[in-house]
Amino acid sequence: MKEIVIISLLGIAVLALDVLKMRKLVLPVIMLGLLGLIGVSIADWGLNETPFAQYGGMLTFDNTALSFTIVFASIALLWFILAGDNYTAGTSQRTDIFALVLFSLCGAVVLSAYTNLVMLFLGVEILSIPVYVLAASQRKNVLSNEAGFKYFFLGSLASAVLLFGISLCYGAVGSFELKAIQEHLSGGFYSPLILTGSALMLIGFAFKISVAPFHLWAPDVYQGAPTPVTAYMSTIVKGAAFAGMFKLFGSALQPLPEAYSTAIVFMIAITLIASNITAVVQTDTKRMLAFSSISHAGFMLGFVLTASTTSPKYLIYYTLTYSIASLISFFVIQHVAAIQNEDASTDAFKGLIKRSPVMAVSMTVALLSMAGIPPLSGFLGKYYVITNVIEHEHMALVIIMVITSAIGAFYYLRVISAIFTPIENAGRIMVSDSTRRTLAVLSVLLVVVFFAASLLELL
Amino acid sequence: MLTLILLAIPLFAAVLSMAAGAKNARNLALGAGILELIITLGAFFLNGKEGSETWLTFNREWIGPLGISYAFSLDGISLVMALLVALLLPIIIYASFNRTFKSPHYFYGLMLLMAASMMGAFTTTDGLLFYVFYEFALIPIYFMILYWSEHPNKAKITLKFFIYTLFGSLFMLVSLLYLYNISGSFNMQALYEAGRSLSGSEQGWVFAGFFIAFAVKIPVFPFHSWQPATYDSAPTAGTMLLAGIMLKMASYGMVRLVVPALPEGVAEYGTWALALSAISVLYASGMAIAQQRYKLLIAWSSIAHLGVLSAGILSGNAQGIQGGIMEMLSHGILSVALFFVYDIIESRMNHDDMSKMGGIREVNPLFAFLFFIIVMGSVALPLTSGFVGEFLLLLGFYQVSPWLTAVAGLTVVLGAVYMLRAFQSMMLGPANSATQSFAPLNSHEKTVLTILVILIIALGVYPDPILSVANPSVESLLQGLNR
Amino acid sequence: MELYHNITINHYLVLAAVLFGMGALGILFRRNAIIMFMCIELMLNAVNISLVAFSKMWNHTDAQVFVFFIMVVAAAEVAVGLAILMMLYRNTHSTDTSVLNKLKF
Amino acid sequence: MEKLVTLIPLFPLAGFLFITFLGKGLSKNFIGGIGSGAIFLSFVVSILVFTTQMHGAHPTVVKAFDWITAGTFDIDISFLVDPLSAIYLLFITGVGFLIHLYSIGYMHDDEGFNRFIAYLNLFVFFMLILILGDSYLTMFVGWEGVGLCSFMLIGFWYKDMKNNDAAKKAFIVNRIGDLGLILGMCLLFAYTGTLRYDELFISERAIGGLPTEVATAIGILLFIGAMGKSAQIPLHTWLPDAMAGPTPVSALIHAATMVTAGIYMVARSSNLYAMTESAGDLIMWAGILTSLLGATIALTQNDIKKVLAYSTVSQLGLMFVALGMGAYSTAVFHVITHAFFKALLFLGSGSVIHGMGGEQDIRRMGGLKKHMRTTHLTFLIGTIAIAGIFPFAGFFSKDQIIAVAFEENKLMFLLSLVVSACTAFYMFRLYFLTFHGKFRGTHEQEHHLHESPAVMTLPLVVLAVLSVVGGFIGLPHAVGESMHMHWHWLDHYLDGTVVMPALHMDLNTELMLMGLATIIAVGGIYLAWLKYSKRGELALEDKDITSATHKLMLNKYWFDELYNAIIRKPVDAISKALGSFIEPKIVDGLVEGTGAATDAAGGKLRLLQSGSLFFYILAFVVGLIALLLYI
């Protein structure tokens, strides 16, 4: 509860600062606020051991929810540090965008803590609506408009489908409570209402996390949206959607008939194949990373597939490590493209090692982590997925995961090759110290988090 | 404890090198390499002594509930492999003094990183950790080639190399995880038990996963096509690391994981693997005969020798595995030597086209003499290191498949065909205008070649220290296998 | 009254489903952004109908409260959507969604 | 006393190391002294060792150090002293010493003198390892080592690519044999679990349980090794080419010692071969064919060393005939006598070549007996010895082979008589053409003609003496009795070490066979005298030869051409095809193709991202309906 209040107040405070013309204070206030949020979350640790539900029992901040909150808050913190460079300090556009991100973050927190389908819907909407605006936030840029519009339309459609699913579930169970749904299902009787309802919810989430065949919007939106927003979408929005989905399918909609897991297996398979193979032919790195993001969603869906036996901490780990890598790569793209007429093609990365060693190295680390090469934490993420999938004996899916991982490495490495290909008369790319330091810290983190994976067991 | 030190030295040196800058980077690296060697030798002397356990093993939980731990142990086999790394690392570093590199601190830093990862792979007793080190070694070598190669096509070649080997090793990951799913722990002993508890056909599948991974990396026909181009494009130090040490991780993996864990899988489905290994020998020898360029010739000859290696190990008996261990060490030394010869020739002639050379012996008899011993080691003449390994491999292989051994044994003949041809066409005959001015060896070339040649002969004449260290471990590895 | 008693929950559900499907088809086949907005509203309202019906069926008010939530959210969504549409119109002078194909492949 | 045996190979090794690493700048005589001295020391120790064996000491294994351990496989570097190795030691170090001595003179003007002596030392070292090794594997060390030295010495004058090619050929052909030997060892180990002679044949008789087929297979595989080393059909082609090396090399390696390693190995394995008829038959047939082939080719060759080389091939064949018939000690007997007279002949020919200033073609020689008295006389002794005239060494050993053949296999008996006739003929052809008649070379050569220095003739004399008396170690019963001497001494000496055939021949038959052999030899000599000394028939140019058989023999039955066509060319063609087609197009093509296919698939799949909102919604709805229908 405190978490929701803090983050909402923080959003309002940012708007207020804008009105009060104290825009210089925006970033520090956000930092303090988010640190406060993290602190409060840590202080609340272990509350689920004493039954303490909030908000009429519709939100429960158990350890999983808290750890998701901490992860989202930390990623948001990093996002603000990195994005701080991209918006001219002191403009109201900057505060608007920051406020929107904060509101959206509130939705993410709700999605990780909900215990009631109503809150699920509200969380999804709070998460999404600001992002529609953010995607379209470059007012003069048609591409940004297009991205925002596509995202908005398809997003609304998906919300409607999700909502209809919720409604049907309610019809079958007579309650929005997750616990009630689970009790209903544990009877072993599947009414058509709940079957249809859960299928519709599955589709609604499949859209949000962008897995095939509901992923077609993602590359366009990721490419068209302003790069910082893309970074935000691929990290927190996606992570929150997974948090919500994992909770729904892991603790409420259990057990479902075999057909559901078959459907999910199928979705993962075509997601991995389509995204990785299409990514191979992309020349625009931003779009390529969008496909990579889809492919990671396919992997993360593996956790949902095995949600009945998997602890959410592995999903948290995957989210965290993917988010770090994603933040690094999108912001590096942002800086590289910014000085060459928004050219984000692979060729634009040539000679980056000389032009900005820090960005080059951190980009390399991030890409290798996404490719799942040890000892970068991206590997452990994939490892957790594959172990779980093997435990559920979907061997064919494992083989597809493995082959597409190798294909994945191909397009990541192509960018790395470009980074280390020398070019003549390359000017240095200047970025602020804070960005440089953050990128460096993040890439070190990608290694540290690998070796310190045992910390995960604290959750 | 020593295992950690062995891991830490190159790691720290790598970081130090990258941080300290270009000046003295190579001396730092050499120092680290020599220190590594000294400590490994120390471990050798400790081996088998009372109470050496605490020194030679290390075990801490990593991801406890998942049964993953930071577990290292220097048993006989690992000791020899550690020696391979620690012995060749300073030699390779010293050999690279011949050339100057841009940003040497990064070059040597990557080299040391690679040494650390290989050391890790050879000493760990945790399956997942093995995989991690196995994969990680790719990264430094990838950058070493990408950034320091002068080959026009390097981007494509490195990409192919990386993807191909990654592709292979992901199958190993699947197999590992399959075993892990049964054992619940990545401890090697647990993995062995898990593997042996599987039915024959299941073992076959798991074996297939491992084999693809290792066959790509060793490499075995038909998964080898990344190798010659990669060797060709890499800077010589990189090629030495690759051929000398890195690819041994795959054959070591066969020894450590495949043979003890999947006896039935190897017995029932290994025939294919053995056949491929034997074909590898013939195929690569044929390719070696067709080569005009020396570097490519030794690249192919390497595949031919490693075909025997893989066959011998997969035969899964003490002779094959002991031979494998010996051959890994010996092939490492010989590869480094052969590629160093390439480096010497290339630095003087600016090409390695064998048909355009000749008569170097007349101009530089010392070089020819040393090269000749290396060639003899490569054709596995007795009293060189190559013989002990190759004979044991064939001996082991024969007990499983006599006919395939006869095929693989052709390496004895074909190896002589192409190696002697290379030696004669470059070194013998009358000197021509290009070779007339072949400069004498400088002191450090002399040192490196002499050390290598001494090693080749010493290990051939008296391989007992290696074999008797490894033997108890090999026997305990094979305990409970009725083969 | 007879008529009333014969109307079961299924009738409401069918109505909701039909409305929902109409909305979906409308979105699918219409090109005009304004009409597409309305179709989305239609879909949301179909859900509202079903929720209210279920609420009656289970004798709970939960769902009816939820309907209010949905209305609010829908309003917010439309506000955002129209804003984006306005911006788009300024840049392209069209409300036809088929011009939106700069981002592809 | 046996402990001293370790010293025997150590002396030559020390000599080699000293000359290689410290020999720079020392005088040639000093180097020569070191080289020969090392062998002489070995010779002295060998005599000591031999004496103990002769007086019936037990076979002893002297361990030097641990070598290879792998599970149950355990091989040391150890030396086995028994009658067989002791007698081999004796003649190897003895003949070796003489040839070293000779080399000092022969190679004196060569710039690679040090290298030459060093290589010879190394060769003797390996040869001694071969003989002394207590297991097949240790023997194999020497086996390959002598091959290496042979390679280095054939290609000694490395600036001429022809020599290098001959060296390479020798090495590679030997390697083919070695592969057989390796496989034989593998098979032996697979069945018996050991490769040590002691465990195999004596203390544990590990070969006892071998099934006959396996014993046959092992026998054949080991014999393939022997084929390579001892130049038996079909692996004989390297030996004549090996004459490219300096003549002392031909004498030491390619006549007296290394090429008889195959015989040693088979004799060493006599217990094994005794278990199998068929392997023995194979050896016998290979031997007699080789012998006939060598003898007939030798009839037509004009290069003095080639004649001797083919003669060696032929004599080696005879030894294998003896082995094949189970007369192991007889083969060893012939090895020893052959070592004496063939070394003598080669050294003599070297002396001739030395005198002729490098000329080797006997058509350019003639009448040399005036100029080179010692050489002439010793060469004549050697020729008589090899032709088999009583009481020279060759007579006894060859006669023993013929006698065995007479007992065992009449066809073999006839064929060996043919060989014997040919031998007498071509050797005397060589002798007459070289030493009799008029000088047919150039003026300069005639002017240059001189007798070789004492350091070269001394070994000739010693060897000549040995060629005369060497046969007494195996006097036939008939002769021995009449001369009141120890008959069949060698057989008695080797009894228990190698398997002995049970021969029961009465004295009359023995005498009859001796007479027959002598008549045939004398007939051959007479024909040679008639043709080359009396009538002087000699085709001076190859093109003058018209007879088809003559051409066939002159061209060595076209073996080289045949191998070129069926082995070398196909191998080259296959590797060319691999390199230019199969690797890039198929093996790598598949890999590259996978990449290209992925790329193409990506090109198609990206079209799904059409950018059109309609299509996206359509996909959404279709997906929705599909899922609902499925569930």
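Per-chain numbering from 1; labels A, B, C and D assigned in written order.
What we mean here is this: a contact is a pair of C-beta atoms (placed from the backbone, for glycine too) under 8 Å apart; a residue touches a chain by one contact, two chains touch by 3 or more.
Everything quoted here is computed from the prediction, not taken from an experiment.
Shared contact partners of subunit C and subunit D, listed by label: A.
Separation between the centroids of subunit A and subunit D, computed from CA atoms only, is 77 Å. Centre-to-centre spacing of subunit B and subunit C amounts to 65 Å, using the average Cα coordinate of each chain.
As a whole-number value, the distance joining the C-alpha centres of subunit B and subunit D reads 37 Å. Chain geometry summary: the mean Cα position of subunit A and that of subunit C are 27 Å apart.
For subunit A, residues touching at least two other chains, in rising order: 150, 153, 157, 219-220, 410. For subunit D, residues that reach two or more other chains under the stated contact definition are 595, 606, 609, 611, 613, 617.
Touching two or more other chains at once are residues 24, 27, 97, 100, 102-104 of subunit C. By the definition of touch given earlier, these chain pairs are in contact: A-B, A-C, A-D, B-D, C-D. On subunit D, the positions that touch subunit A within their shared complex are 595, 598-599, 601-603, 605-606, 608-609, 611, 613, 615-617, 619-620, 622-624, 627-628, 630-631. Those residues of subunit A whose C-beta lies close enough to touch subunit B in the complex are 353, 368, 371, 373-375, 379, 383, 386-387, 390-391, 398-399, 402-403, 405-406, 409-410, 413-414, 416-417, 420-421, 451, 453-454, 456-457. Of all the residues in subunit A, the ones that touch subunit C in their complex are 118, 121-122, 125, 129, 132-133, 136, 139-140, 142-143, 145-150, 152-153, 156-157, 159-160, 163-164, 167-168, 170-171, 174-176, 219-221, 223-224. If you check the complex, the residues on subunit C that touch subunit D are 24, 27-28, 31, 97-98, 100-105.
Residues 9, 13, 16, 20, 23-24, 27, 33, 36, 40, 43-44, 46-47, 50-51, 53-54, 57-58, 60, 62-63, 65-66, 69-70, 73, 76-77, 80-81, 83-85, 87-88, 91-92, 97, 100, 102-104 of subunit C touch subunit A in their complex.
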